[in-house]
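In what follows, structures are represented as structure tokens.
Both complexes below contain subunit A, partnered by subunit B and then by subunit C.
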Partner chain A sequence: MFDRRFFGLAAVPAFLAVFIITAVPLVIGLGLSFSSVTSTHNGVFPLTLSNYGHIFSDSEVHTVLLNTLIYVVLAVGLETLLGLGLALLMTRKNRAISVFRVIFLLPLTVAGIASAISWGALLNTSQGWIDYFLKLAHLPQPNWLASPTTAMPSVVLVDLWSGVPVVAVIVLAALLSAPKDPIEAALVDGAGPWARFRYVTFPAIRPALVLAALLRTVAAFQQFALFQVLTGGGPGLNTTVLNFYVYQQTIVFNNIGYGAALAMLLLVVMAVPLVVLFLYSRRR
Partner chain B sequence: MRLSRLVAAGAAACLVAGIAACGSSGSSSSSSGGSSNATASSITIWGSNVAFWAYQAAHLSAFEKETGIKVNYVQIPQATILDKEAIAQRAHSSEFAMYEGPTSLISQDVGLLGGVGLQQFQSNSKLNVSGFSTNGMGELGDCTMNGTLYCLPMFVDGAVLAYNKKLLSKAGITTPPATWAQVVTDADQITQKTGTPGWCTRGSEAGAAIATAHFMEAYYIPYNAKNKGFTVGPDWKSLDDSPGALAWAKDFQHLMTKDAPKGVGAFTQQNCEQAFDEGQTAMYYDGLTSMDANQFTPKAGTPLAGGNVGFDELKCPTSSPCMPLGPWGMFINPRVSKAQQNAAWKFMQYEDSTPFLTQEIKALDFPGLAITKTVASEHFAGVPDSFLQAEAYAESQAEPNAFPPTTAFNQSQQDEETAISELISGTPPAKAAAFAANGANQVFQQAGLLK
Partner chain C sequence: MSIQAQTRPVSDRPARPAPDRALRRAGRIGGGTLTFVLLIIAAVFVLLPLFWLLSTAFKTPAAAFALPPKWISKPTTGNFSTLLTGQFGHSILNSVIVAVASTAVALLLGIPAGYSFARAPVRGGRIINSWFILAYVAPPAIFIIPLYIIYQHLNLLDTYYGLVLAYETGLLPFTVWLMRVYFADVPRELDEAAWIDGCSKMRALWRVVLPAAWPGITTVGLLVGLASWGEYFGAAILTGQRTQTAPVAVYSYVGTVTSNWGELAAAGLIVVVPALVATIAVQRGFVSGLTFGAVKQ
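And then the complex of A and B:
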């Protein structure tokens, strides 16, 4: 009994810290979403529902939501698949495996904004290295960041560069710690590589894979630096995602009430895939 | 059960406190008439990390000696300074006594968040700094709102066309273009005959393409003294879909899709400048302050070396002004004490004093700082006369009230920025223009300006 009470007391500081930095801003944001603070009105009152009403009437929100969906599905889906593949490759027994692991995990050490600036220079159509070498190889040189068809895939590509190692390192840890006996038993029973992976390895690493997908989903919804640096949300609205739109409305255009309402929408939109993933992880 | 009730009560209290904490009267809080001459012994200023601020920060010993005021200079990246200042102003921060900001946002800085009128300091001779005078100071109009002066300008605003003489000559063009129609024709000719893109200006939303697009668009929309702004009619209706704006959209799209470097839709000012410096584009259009020593005195062996760069001013189509100048200015923070404000005023005078400006321009080869006729009339070695002529012309053609005195203007530009990007992507000009105009009209309607 004393242990339980002590544990409760010991958890209070951590609980307070988390509460202050998450719940308080959340509640203030919720309050602001009902406020009248706009680019022309600096007062909170009168409280209003018009910010939420504006979300439905703002045609740009539909485009922004679609862009967000495309980006999250592409980024998280590809990162999970490629990260899984990379992790499986890194479990191979090889003399140089340690070197390969370091090389493939190096992007983890690069700050997001630095990678955004570097990739922006690489993807520059006229002055960047990628199109330069494509031209030397007589291959088509896409208008990476300036074309409506390639701008979003370009941002996804840059996100993959740093996101795949994140998934890989989580899944690699699970692979290395998974029990070897079931795999050996499957080998003895004559199971092929795909069967071993599907019936033995995958179930063992599924919790880690779901965790990695969860983390990358949250990161994808929170992504800002790539859009700000690479495209500014353009061309047009082609790479304007919800998080970036919240920034534009709140900070750039001073529509703080509307921006807060959009932030609440982002919260709801984020919750959907997270709940789905969470339920999937609990499935037996 | 008890715990869950406590949590619910705490959340409700936070909600109420949060709403109350964010409440603000929003009234302008300029100081009452200044009779106090006391100045603070140190002030903090927020400035961007551009070259001339860095120079100023390193050359303030004379100011400190004359006034006894120590200046703490906080450098903020150019890309984020506006966001940081907007947040600080909304939070009623007193961390800085003086800040810099675009005069095009003066209605937001001053009208919405509070400002400090400068007349109270101008009338106090005990706060004077030697060498400073507003006589012949251009662009004070941009610092004025509703008859009150709120800032001192930091640099001359306006756009200029830089051109590569050899590439023009190679295309058979003997004189630089003087009108936009000639720019389009010449850019086509250069692109076709030399294989080098004939034109470059910013195209990226991330690079604030709207800035240079505005300079060009103003030539096409006839000036009207009754207009609320250079793209806003007398009745607050947007002029972004007017015949003039449509003609601009067509020419702009033509230049950006036919004559600009590939990928210009993602180009910032630095990308275009680099392309021009490396001889990869024949004409480079951007703000006066974008031009620097790379263009004025290019290094030997570079494509621009040997007097190969010319600067050109494009004449306004009629005798009416056509330059929507909106330079950056130095503003005083209304949240600091009177002593801090007095000290900030002294600092601003020193920054704009003739001796300091002259010394600074000579050291940096940055004539964009020539904000007074006295300074501008000097000849700066290393700065081509053609550039100084273009600079003087831009100032002489400033449209009064180019930017509407409403905080809604900034937001009204959102869809124009998108439309510019759409034009570069090939969207029909009429569709892009209508998109920009509709967006702006909606914003003005919501602000209660457009009936």
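And then the complex of A and C:
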């Protein structure tokens, strides 16, 4: 009945392709991270640990790592909380709510670059709509993207625009497919709203919520378009996160070897929250 | 199932039993008005940039910068005709080529592999699994930057092949993974019945299993297509004059001296609309696809 050859033939091309196109760059990247290839020096050899030494001693890298931590924690934390809240608001079924469900699906289809340019224009200090309306309301008009205090929060805000709906849509799907009987039982037992959420609803949607948080963590570490379009990593180093720094070092400044080492750092740094979230999802 | 059906008499349904109503109330947080206010605030936040794109794309350069914003000005399609007759038209074509090619390659290789993964015990399956997850979640920089160096030597920079190949580092593992989930939902008995009836394995897959898994395939196709259509990071690094895709072209309109928000918005809108239309057309299974099939819709 079972045809080993057929299934082997069906699987091998994809497995081989994935292996080659990921392993080759990974190995070459790892090799480059020990090399000293720069704009002026083209040779790969000698292989040394100097790039990694530089990473640990460079205070710029420390700033960048801190920025990355702030960005990821703020973006993922707020997106998970607000997304959960938004999903809970949409559980009731009526015509108005279904309109909202469609509206909150929209950002999921919008390419990062398009949201970046729109928000860049909206947050523009002299011509943007947002500051114009703040002025009309006699409210302070922050220099959103150019001031050191507001630049990072502004980028997080724009990230929320695409991230909160992702979490909301996923959690809502889980809420709607969760069995109704336990809630009914909790009601009969006289459980209050918080107890019902804490002990009945939340356990039912926890896997979906963790998965949504995982997806947003991956997205936060990979975020590039927002930083390039909105702030260019500035002012100063204020919004330079690790992924953007890797890009700057390798592509802009041509420090290939150093950039490759930073990319390895990015991989390691990123693994930490993913493993934590994964372990949390395994916990009963 | 049957026990539940017995405890809830059918005759109760029109009368709406009390627990049901309380249940519905329990499902929402706060009162109806507060819920609405919060939802409207969130909706305004979500719609604001989309409204900016839509309205600015049809404005003349002067109207695009006007404050207070001109809500109803004479709409012009001038921005679109300027864009489409210039370099941007070429970029859209590039984006279409790259999105179609990336999706086709991912599905062509990923569907058989996903089927095989769902049905056959694969030796070293766990290792392959972990490798696929790593490939999917790893920041693109990990692959794209070494590829940039490799492509310099192989003359693959600024080519369609190079960009599509780079996209497959993430898209192909994603496709295999998701197709495996969808094929696992197709009952095994279906293939076996076809084999017993004398179908070859290939024919059974083509005629019986694929149609059953079709919703999953369209979902994967949509997600992969959307990802390659809107991708920016890899395209910014690996393309040049010849193969520049639309998202990269959009960025080239940002912050130039002759910056014209009307054209910028029109370019952004051209990137957004096809993705929106495709999503509405497919829609079903979008969420389950986003979550690797973990959350059913």
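For the reader, a short list of remarks on this structure follows.
Convention: the second predicted complex is superposed on the first by the 268 of 284 C-alpha atoms of A that agree within 3 Å, B and C clash if a C-alpha of one lies under 4 Å from a C-alpha of the other, contacts with A are read in each partner's own complex, and residues count from 1 in each chain.
By definition in this document, a contact is a pair of C-beta atoms (placed from the backbone, for glycine too) under 8 Å apart; a residue touches a chain by one contact, two chains touch by 3 or more.
What you see is a predicted model; the values in this text were computed from it and never measured.
When the shared chain is aligned, subunit B comes close enough to touch A:Trp144, but subunit C does not. In the superposition on chain A, contact of A:Ile28 is made with both subunit B and subunit C.
Once the two complexes are laid over each other on the shared chain, residue contacts for A:Thr109 go to subunit C alone; subunit B is not touched. Of the two partners subunit B and subunit C, more subunit A residues are in touch with C. Contacts of A:Ala14 after superposition: subunit C is touched, whereas subunit B is not reached.
In the superposition on chain A, contact of A:Gln127 is made with both subunit B and subunit C.
By the touch criterion defined above, A:Ser36 reaches neither subunit B nor subunit C.
Touch criterion not met for A:Thr48: it reaches neither subunit B nor subunit C.
Within the superposed three-chain model, A:Thr63 lies out of touch with both subunit B and subunit C [touch as defined at top]. Once the two complexes are overlaid on the shared chain, A:Ser281 sits clear of subunit B and of subunit C alike. Shared interface residues of subunit A (contacting subunit B in one complex, subunit C in the other): 24, 28, 32, 37, 120, 127, 228-229, 251, 256. Subunit A makes touch with subunit C in their complex at residues 1-4, 6-11, 13-15, 17-19, 21-22, 24-26, 28-29, 32, 37, 85-86, 88-92, 96-97, 100, 103-115, 117-122, 127, 129, 132, 161, 164-166, 169-170, 173-174, 177, 180-181, 183-184, 187-188, 193, 196, 207-208, 211-212, 215, 218, 221-222, 224-225, 228-229, 243, 246-247, 250-251, 256, 259-260, 263, 266-267, 270, 274. Interface residues of subunit C facing subunit A in the complex, by the touch rule stated above, are 4, 19, 22-24, 26-29, 35-36, 38-39, 42-43, 45-50, 52-53, 56, 65, 67-69, 109-110, 112-113, 115-117, 119-120, 122, 128, 131-132, 134-135, 137-150, 165-166, 168-169, 172-173, 176, 192, 195, 201-202, 205, 226, 229-230, 232-233, 236-237, 247, 250-251, 253-254, 261, 264-265, 268-269, 271-272, 275-276, 278-279, 286-288, 290-292, 294-297. Against subunit A, the residues of subunit B that register as touching in their complex are 11, 14-15, 18-26, 82-83, 86-87, 90, 108, 112-113, 203-207, 261-267, 271, 274-275, 280, 406-408, 410-411, 414, 418, 421-422, 424-425, 427, 443, 446-448. Residues 23-24, 27-28, 30-32, 34-35, 37-45, 47, 120, 123-127, 131, 141, 143-148, 228-237, 248, 251-256 of subunit A are the ones that touch subunit B when the two sit in their complex.
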